[in-house]
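Each chain carries a letter (A, B, C and D) given by its place in the written order, and its residues are counted from 1.
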Amino acid sequence: MTQAPATDAVQKERSMILQKEMIADHYKQLEHVAETGRKVVYTFVPGNLNELIRCFDNLLPVHPEINALQNGMRKRTGKFILDAEKQGHSEDVCTYVKADIGMLRAGNIGPAGTKLPNPDLLLLSYTGCFTFMKWFELLREEYKAPVAMLHTPYQGDGTISDHMRNYMVKQLREEVIPKLEQISGQKFDIDKLREMLARSREAENDLVAVLESAKHRPSPIDAYFGGVYYIGPIFSAFRGTAGAVEYYRALREEVEARVAAGKGPITPDGELKEEKYRLVVEGPPNWTSFREFWKMFYDEGAVVVASSYSKVGGLYDQGFRHDPEHPLETLADYCFGCYTNLNLPSRVALLSKYVQEFHADAFLINSIKSCNSFSAGQLLILREVEERTGIAGGFIESDLVDPRYFSGANIKNRLESYFQMIMQKSKGAA
Amino acid sequence: MKLYVGIDLGSTTTKAVVMQDGNVILGKGITNSRSNYDTACAIAKSEAFIDTRFTLFHQALEAMPGLSLDLETFLQDLEASFRLQQFLNQLEYLAEVSIGEAQSARYRKVSAPLAERLNAIFSSIAGQAPEMFGVGSIKRSEFFRDLAGNTYMRLASELAEPDAVPYDLLVNIYDKSIIKVENKLLDLTFESNIAKALKRVFAANRALSKADQQTVQRCADEVTATELDVVNSVGTGYGRARLPFPKEQIRSEILCHGLGAHYMYANTATVLDIGGQDTKAIQVDRDGIVTSFQMNDRCAAGCGRDLGYIADELNLGVQELGPLAMQSNRSVRINSTCTVFAGAELRERLNNGERREDILQGLHRAIILRAMSLLARSGGVSDEFTFTGGVANNEAAVNALKGLIEENYGRRTINISPNSIFTGAVGAALFAQKTDAPAAVH
Amino acid sequence: MVLDELVDYCQRLYEDLDFRSVQAWKAAQPGRKAIGYMPIYVPREIIHATGMLPVGLMGGDMEIIRGDAYYQSYICHIPRSTIELGVSGRLDMLDGVIFPSICDVIRNLSGMWKLMFKDKYSKYLDLPQNFMPNVGGDFYVDELRSMAGDLQALSGVEVTNARLLESIRLYNRNRALVNALYDLRAAEPWRVPTVELYLLLRAGNVLPVEEHTELLQTYRALLDTAQRPQLDNSRIVLTGAFCEQPPLGLIRTIERAGCYIVEDDFVLGSRWIQGPVAETGDALANLVSAYLERSVANASVYIADKPKGESLVKACRHRCGEGVIFCAASFCDPALLDQPMLAHAVEAAGIPYTEFKYSENTGQFQVIKEQTGTFSDSLKLWGTT
Amino acid sequence: MTIAAGIDVGTSAVKVAIFQTGPGTETRLAGRVDRLLRRNPLAVAEESFLAALGSAGLDKEQVDYIATTGEGDLVEWRRGHFYTMTTHARGAKYLVPEATAALDVGALHARAIHMDERAKVLQYRMTSQCASGSGQFLENIARYLGVTLEDVGTLSLDSQQSEKISSICAVLAETDVINFVSRGIAPGNILRGIHESMAGRYVRLLKAANAAGTVAITGGLSKDVGLVGALNRAAEEQKMTLTTVAHPEAIMAGAYGAALWGAFRHDALQEKRSA
């Protein structure tokens, strides 16, 4: 998700270049921790505490999920997963974990081709998914690194109560911050955190403007396939940094220009000429055949106008912003609000709202074999959203990074049938 | 005459439907799918045209004043005779290929006794053929492969001798030859075979008046000469991507089944199609437009092919399974989730002394249970419900389905057409009428 | 009652997916209410203290007709059977359902329940993964208090400290009897077949605790009258089956393939707290500290300070197990992700192991029989290294 | 001297062996294979056993221990039962003394067995409830292609190219095969493709069972030279150092193993009794 499309045919926009540089620089810093003496904190995307990590200026974050997905795009994960399975990992479980373990066994060479440093701390904030907990238990065995655990309670009732928030703040104070201080050897400075949070907020505003632009017809962006690039910096190592602020400002300007020009989204094969279908998509994409998968959509003139996947690292479009006035509480609220930490009724409501507000004529679920957090319950989501919006939904199945579970022909068959159905329906209604 | 053709190239069977302007079905044809898709299509289409000409023939005779014969009986006899003729043509070719095969170098040592056995087998089959096609006789299958194969295997096991011509060898010769026969386009058309068929019927039915014979012959000539002009064709089905059609003339089988079922029963809301390798649950709106669907994936368990495996295992034809299962009032729970393993489980259970009928009933129930879960996933069973695909011909499956629907969804009108297997092809033919693409079939 | 009758009775309870015993319990006294809960740990004491019947829901082996409509093929089985029970009306006698935090599947099921059974009480009970008394402990007290408040409103019975202490006492007694049976089975496994022990535990899901305690006592007494020969079997510790339960046939298959199961994690919730909960003082606080300090090690809770697998190795040694069978539900992420770590620990301790998966409706045990048989063959022919 | 019989009741054939063992010696007295072909396996087991006794010139009473394996636990007149992997390991060791692993490929299941020098099973993996890549599947395809089982191996081995099967399902793969035939692909290439897909699975099984070194292939498909060739290629591709050995009598491995373990058990019990 942090890699810019690299098709030569497409002219590189400034934002793409900025993002590329930002990431390259980050990997470079990781490569040189031995010399610079910086410490490395492994952590996850949903509910990440990037500002908190970054206010210790000798700490660098690494996101195993992003390594896994990047390796997926580079078609390295098939082998990693097999290796992990050979080590006794089950076929049935999350392939992100197995891709990570496999990479580690193969020498921990990251997606950028450089060796990743071992963690000095495993910051386990496992918002919205139990597998994260298992993942770091596994890494703890591998690296013998200390773990700082941040348990985010689930929004079982669809609300955040004070006792949930207090629990989080206490964990931050008594567990997370002390461990960060210990690893970094630096004292926690709450004012520095406030500064970071203020910058986060700025970037968040711009990101929301970008996502909202899809309400235009034609939509200037694809909020799923393109979206995964847009959310890259803010969901990972860069939220709260000046680089992210700059990136999102540039991105927003570009998108606004496209709106003004009445242009559609950019795809790997150039600009989309005709917007035939407007989709809302639920569920993560497949990474191992990302391009092939995307092509199945733009070849049919289908544009994703809103997606839940672009909310796994925070639901900014629903109003949440990091708040420098209440630094720890805001981190807690951020964690509570990540998409998969919402209960099913809230997810249904949100998706239905997207369908309506973004004037979508199709609703598609890409169900991921790996991910119970997303997938368990999606068939009910499908039905509920259909009922509330009156739109016929579509359902396809694939996996994140396990190439064995991406059956191109099958998905194409289903998508084709689905689009034909939508077309026939709109004609029939006319 | 302006016609539209729909072709459904399924995993097990290939179906074709010929439709006239105004959505009237004139003819249907079916054959088993085989390695050569073009051949399978051509045969299904040729069969549909034969059926079309029979329809026209029927219409023409009906319009004839002064015919004294009993038209229905006569046409039944004629059709049986026609089928027999087709069978004999194919059998002749099969014999030729088999005997040729027997002369190949690898069988040199046994070529003489082998040829003798083969000759005996084929003349015996030919001898039995008229009885197989007699009106009212129960056939194990409609397809040459199975019809000839069944008899062949039976005769082979009688005539085989372990030390001279072993059974396996005879089986192997058949396996090799049948592919060649199947992939050769023999001329089985109405035009070329009706004369012989008529001759046989006239000969058998001495009571037929000369005048009637003449009228019949005249109508037959007329029908033979009628130009059948195909305006547009649409293909669908599992193998649709390999049909020799341009993309505009191909439709997803889901849409076709939806539309086809709507055509057959206008109030259809839910469609279940169980074919050889896939099962689809489809919801349609008042216009027959699909609103949601589910289908099985990557695993063929619970589809029609299960029945095929079991039929092979029991040395029966698929048609015979349903009636057998209906003789049971106790269904054994089948645990295998795999088509291939179901055969092994069947063997195991038979050895444990369970009754064949009970196991079969359990197996039908297991297939339907899978379908029920797809139905549930697609949005349940609404009124009216239409069951399509080959398995809808199977009474035990239908019975299990009816029970489970009533238990879980309450009373529903359940439609099953005798033509259910053609639903996809009907839908395709309707699409052919809707779109105005030119007839670009090669 | 003779032993066979008692076991039969338990088996009937186990097979009764209409929960007739619960219906009968409710009918016996107007106004009675019952609360269902999903597997693993829920403090049943609180439900009991409101006079309601806690009913353990553990899916079941049944024809799934509508449950599959809610789950893809790659999700474990128990949520679909639970939904099947729900949509077919077989859970109508429940006045609410509690979904403890076990995994993402159960967590999401709690929301599905809210969507599907809108007018029934349902609660997602978050168990803390932080075990500091002032952090996780405080949070848990709040969670329990809020749940107790809900249950109080539902039942109209106030959860007083005294009532709760009384419930704690009853459940302590019950747990002690269960533990004693486990001890006996480990000492003389031929006397306590696991199939029976399992059925007895399952009876505890639907019977009032008082009745179940009596049943356990009767069973224990009857065991002394039974003549059961000792077989040349190997001693096995089974782990991984803590949520979706294996079908009875599977447990039987393992025993028939030459294994004595001497430790397991079936129906784990009823043995979640190790040792008694304090019976005096602040009852809620007692439940909380029992949870924080004496929870059994399990894949659904985070284990901060001990190496993974330590408790499994310990249990294996304690029970004189000769080998470990990892036996988890297919697609059960918590169990299956834990497994490599546990296997590693077991291996390091020189204990042989084998593994397979099941689902609650597995009907074919051929492969499992073969695997278990080979495992016990090799333990028998060659012993522990 | 101990006389022991091993009876392997499989899904498609019954195998019987009779051994005479003494300190350091193992003499085979008889062995036979009978295909089931829709007959009751228990009845066939008894017939074959009696026939084997006959050819060994023995009486039933002279046999000290009758051991079954496979589905043989249903045989009532047996003394003991050993599970398939236990016996295949032993049989493989007997046939191929240098083997460190066995790969049993039967009609429905495949089993990879890693063993030590005493034929003790160390680790194993077997295929599950899905028949993709089983012997049965191969048999079906061979029939479809009109190729006899004897020819399957050589046809595949002699062909230069292979056609990759895309479907994992044995049933859907049949359709793949039909597609191939429709594209005019030679049966040899198709069989080679199937062999490769099967071999890929089997090598993964072996890998998962931590097997390396000399692998004795046992079970019905050990006769299939095409599969054995594909196995060697797949192992090479996956950089596994494997030497596969398909002993001509490998189909008997289960029966041999059962007989030999039976004798071992008999002696152990005798010892116990005399002690």
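Quick notes
Operating definition for what follows: a residue touches a chain if its C-beta (ideal position, glycine included) is under 8 Å from a C-beta of that chain, and two chains touch if they have at least 3 such contacts.
Since the model is a prediction, treat every value here as computed from it, not as a measurement.
Chain pair with the highest count of contacting C-beta pairs: A-C. Between subunit A and subunit B the centroid-to-centroid distance comes to 51 Å (mean Cα coordinates, whole Å). For this pair, subunit C with subunit D, the centres built from the Cα atoms lie 40 Å apart.
Computed centre separation for the pair subunit A/subunit C is 36 angstrom, with centres defined by C-alpha atoms. Counting partner chains per residue, subunit C has residues 69, 364 touching two or more of them. Annotation for subunit A: residues touching 2 or more other chains are 379, 397.
Residue positions of subunit D with contacts to 2 or more other chains are 129. Shown here, the protein chains touch in all possible pairs.
For subunit B in complex with subunit D, the residues that touch the partner chain are 11, 33-37, 168-169, 171-172, 175-179, 238, 242, 277, 298-301, 305, 313, 315, 336-341, 343-344, 347-348, 351.
Interface residues of subunit B, counted against subunit A in their complex, comprise 251-252, 254-255, 285, 287, 289-294, 297-298, 377, 379. Residues of subunit C touching subunit A in their complex: 69-72, 74-75, 79, 99, 101, 103-105, 107-112, 114-116, 123-126, 128-130, 132, 134-136, 138-139, 142-143, 146, 299-300, 302-304, 307-308, 330-334, 336-341, 343-344, 357. Note for the complex: subunit D touches subunit C at residues 81-86, 109, 118, 120-121, 124, 126, 128-129, 261, 264. Touching subunit C in their complex are the following residues of subunit A: 87-90, 92-94, 97, 129-131, 133-135, 137-138, 141, 147, 149, 151, 153-154, 156-157, 163-164, 166-167, 170-171, 174-175, 343-348, 367, 369, 372-373, 375-380, 384, 397.
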